[in-house]
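Letters A, B, C and D mark the chains as written, and numbering starts fresh at 1 in each.
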Amino acid sequence: MDEFDIETVGDGDPNLDDPTLVEGLPGVGHVGKLAAEHLLEEFDADLVARLYSEHFPPQVTVEDGRSQLACVEFHAIPEADLLVLTGDHQAQDNAGHYRLTDRVLDVAEDHGVERTFALGGVPTGELIEEYNVIGAASTDDLVAELDDVEFREDEPAGGIVGVSGLLLGLGERRGIPTACLMGETSGYLVDPKSARAVLEVLQEVVGFEVGYDSLEDRAEEMEEVVKKIQEMEQGQGGAPSDDDLRYFG
Amino acid sequence: MDEFDIETVGDGDPNLDDPTLVEGLPGVGHVGKLAAEHLLEEFDADLVARLYSEHFPPQVTVEDGRSQLACVEFHAIPEADLLVLTGDHQAQDNAGHYRLTDRVLDVAEDHGVERTFALGGVPTGELIEEYNVIGAASTDDLVAELDDVEFREDEPAGGIVGVSGLLLGLGERRGIPTACLMGETSGYLVDPKSARAVLEVLQEVVGFEVGYDSLEDRAEEMEEVVKKIQEMEQGQGGAPSDDDLRYFG
Amino acid sequence: MDEFDIETVGDGDPNLDDPTLVEGLPGVGHVGKLAAEHLLEEFDADLVARLYSEHFPPQVTVEDGRSQLACVEFHAIPEADLLVLTGDHQAQDNAGHYRLTDRVLDVAEDHGVERTFALGGVPTGELIEEYNVIGAASTDDLVAELDDVEFREDEPAGGIVGVSGLLLGLGERRGIPTACLMGETSGYLVDPKSARAVLEVLQEVVGFEVGYDSLEDRAEEMEEVVKKIQEMEQGQGGAPSDDDLRYFG
Amino acid sequence: MDEFDIETVGDGDPNLDDPTLVEGLPGVGHVGKLAAEHLLEEFDADLVARLYSEHFPPQVTVEDGRSQLACVEFHAIPEADLLVLTGDHQAQDNAGHYRLTDRVLDVAEDHGVERTFALGGVPTGELIEEYNVIGAASTDDLVAELDDVEFREDEPAGGIVGVSGLLLGLGERRGIPTACLMGETSGYLVDPKSARAVLEVLQEVVGFEVGYDSLEDRAEEMEEVVKKIQEMEQGQGGAPSDDDLRYFG
């Protein structure tokens, strides 16, 4: 395998016009990943490419006995003219983040991507009442266009790291207007409500319609889990079942 | 030395037909390593190649004063048509795991390897009563063939890492059917019984006969060690001798 | 993006004669960074180049919603014939430090730099009464010339690391006379007074005039912060406000 | 600078016949470094080359204000037909150890080196009464020749790491007979007595004469330091002075 290896799936021509790239890799509260995967569930999505890399963990995942080498995947959603990047991994080293993002942008350009939205979460350290979405963008035009998003003077304080951050930084250098939409989230739990808040901004600006029933179901499951934990902490509940706990990862 | 350096031993033509690659490098409970080394002891095995790499630790081992540079070794077992990969080292970095596995597969292809079994252990965190063997495979055919192996919905939970995992992932990409056989083991001790369980599955599917006396002897030695430790913990025994303790590494 | 990527800003010809390179990247007490940024504030400074690298953190900073990819910047100050290197990042790995410094020296040579001053702090572990400046230089001539600087037998004990150290080491190998000016500082706080001490040496040896009002203002703000912390520790004061705390970073 | 950069000092022809390479880089108890530096002090030694590398720390050392980029140095001792490798640094990463050792062997071959002795210490964890020297060698002939050295079944248990280990491993691959001489040492302190024990073996096998007065002086200084520490621990002494403490590094 080379440093990066792109495996095209299907005919490599997924019927997109001038698509928007949507990125949702693992991160704070899995907000971006939940949001991007929700799009894949709600729309007809076609797997168009897998991207392998020696910058990913040296690992296969196993499901029902079948192995799958660590990768990220591109799906096309022709109905909404979206190219969606999802996966379970980020690069494991600095240079790997830069080079992975460059390869992602190569694929994006091959599909004629005209702009990019990187989805993620921003940790607040406390339980969220109202799910604001914080933004960052590589062009003034995008800042102006995103009027449902809060642009704050010094936030996020530590900047934006990983693929989301570099899609802004390297996308700008290639002339691809890019915004990062970050849902506020406690940072402690997988947060489907924050993912919904991010998607509501995205659907407005990109222009598509999507339902949220399954995200709401997951949010309710999470609330059950949180309730059980609170009960346990108060000495009233039993240990959470394995089934509960898998929502934390 | 280059990034990888393959030293052919003997005439490089080890009288194999369409061999099976068996990998047993260090890992959980040293299950894979014990199993693969047991094959080398029980059969007539010919050393055919050493693979050196700057991804291994910068280290020589010393035995009776003679040094040996860190490497992994390939042995041929013509009687069972096996090519066996053993050694004391895994790569020390992410890219190294990918590249080492690629070189291993190069050697395997040079010898006409038709399929691969990666041997290892899966930690359970508790002492094992019945030694199950968990499986993962790169093809549905192998899943179907391995009927003595348990394929579980979400196990191993963290996937399979290192050379064993990548033999599945990269082997699949090269079209070499690959399975990983993982013996359950506590994860705390070198586990010859788990190695036997793995070998029993392997001999069935590959088709060879092997005795287990020496593994049983080692298993009994381990049980003595465990007993002494338990006595020590109960304040009844003396400190374990050096000779006891070497079984833990 | 390549390993390094230099983006020229403006016409790339910043009206310098035989300039002095001044480096002020993050380090102990942010002394070098404060000093170099003070020059940019006090003089008319023109941004001439940005240097991006995969050895920097995979990160964008965000200000009022606009993203900026991690980089270091070169500014020209024609009035004082200075080329000033500033930024928020050092390289994140050993080889990166060497290669980044080599690229910095490439840019310096492109602009005809004749000598280099690397600015920084040296931690003393205690609050400073008198701000001495410790020196190190790559040539005996520079040692002789810097008579306001203390050259000590075994200091700094651990040598000088990062870009400052390598500007000395790699600059010497290219024949660019280089000195490092290190202001004593406690090591616990951002230290504008130490930055002033360093600049006073620099203006003497390079030959320019600069005011220190804004550094003095920052020094007073820092003293307020220190006072509040001391009060808090004595149980007399309230928690410092966010506005106070940002002076610590 | 390239990954490695060799700076020849003088005319590059240091009047050696078929020299022995002696390596003494930092390690356990600084035994190898002390021993190699003692040779440079006792004989007329000519600096013949400096080897720089981006695998060394990104650092200059400073002495009386003059900077020196991190490097290792080769000295020739024509009187004893030795090429001596010393320095303050080892490589900082795995591949760096391999590549640095390869470059060292390139230099050695350029000077016609016929065999190599890597000097070092082996930690025992307790104060040493009798200073044994443990050996490891890349050829049976060298094992046979080194009759003042102990070759033990399983020692050193962890093998030999770093440049010393790789001089054995990579030297063997190039056909340069190599031995490692390891003086027993507590592992807690710089140990001039262990360095003397190693040198006494070396002078016997290589065939040279050297005095040990200065090593004995350092050993006595170390004993003073140890005594003071013991007194301090018993609550009878004052804090050690800075001058005492520098012997620990």
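The rule is simple: a residue touches a chain if its C-beta (ideal position, glycine included) is under 8 Å from a C-beta of that chain, and two chains touch if they have at least 3 such contacts.
All values derive from a computational prediction rather than experimental measurement.
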item	value
Contact distance in steps, from chain B to chain D	1
Equivalent-chain rotation between chain C and chain A, CA atoms, steps of 5 degrees	90
Residue-number overlap at the chain C/chain D interface, same or different (half cut)	different
Inter-centroid spacing, chain B versus chain A (mean Cα positions, whole Å)	37
Approximate Å spacing (C-alpha centroids) for the pair chain B, chain C	53
Residue numbers of chain B (touch at least two other chains)	none
Each pair of chains that touches, named by its two labels	A-B, A-C, B-D, C-D
Touching residues on chain A, where the partner in the complex is chain B	1, 3, 5, 7, 52, 54-70, 92-93
Residues on chain A engaged by chain C in the complex (per definition of touch)	91, 94-95, 97-99, 101-102, 135-138, 140, 143, 151-156, 158-163, 165-166, 168-170, 172-173, 178, 180
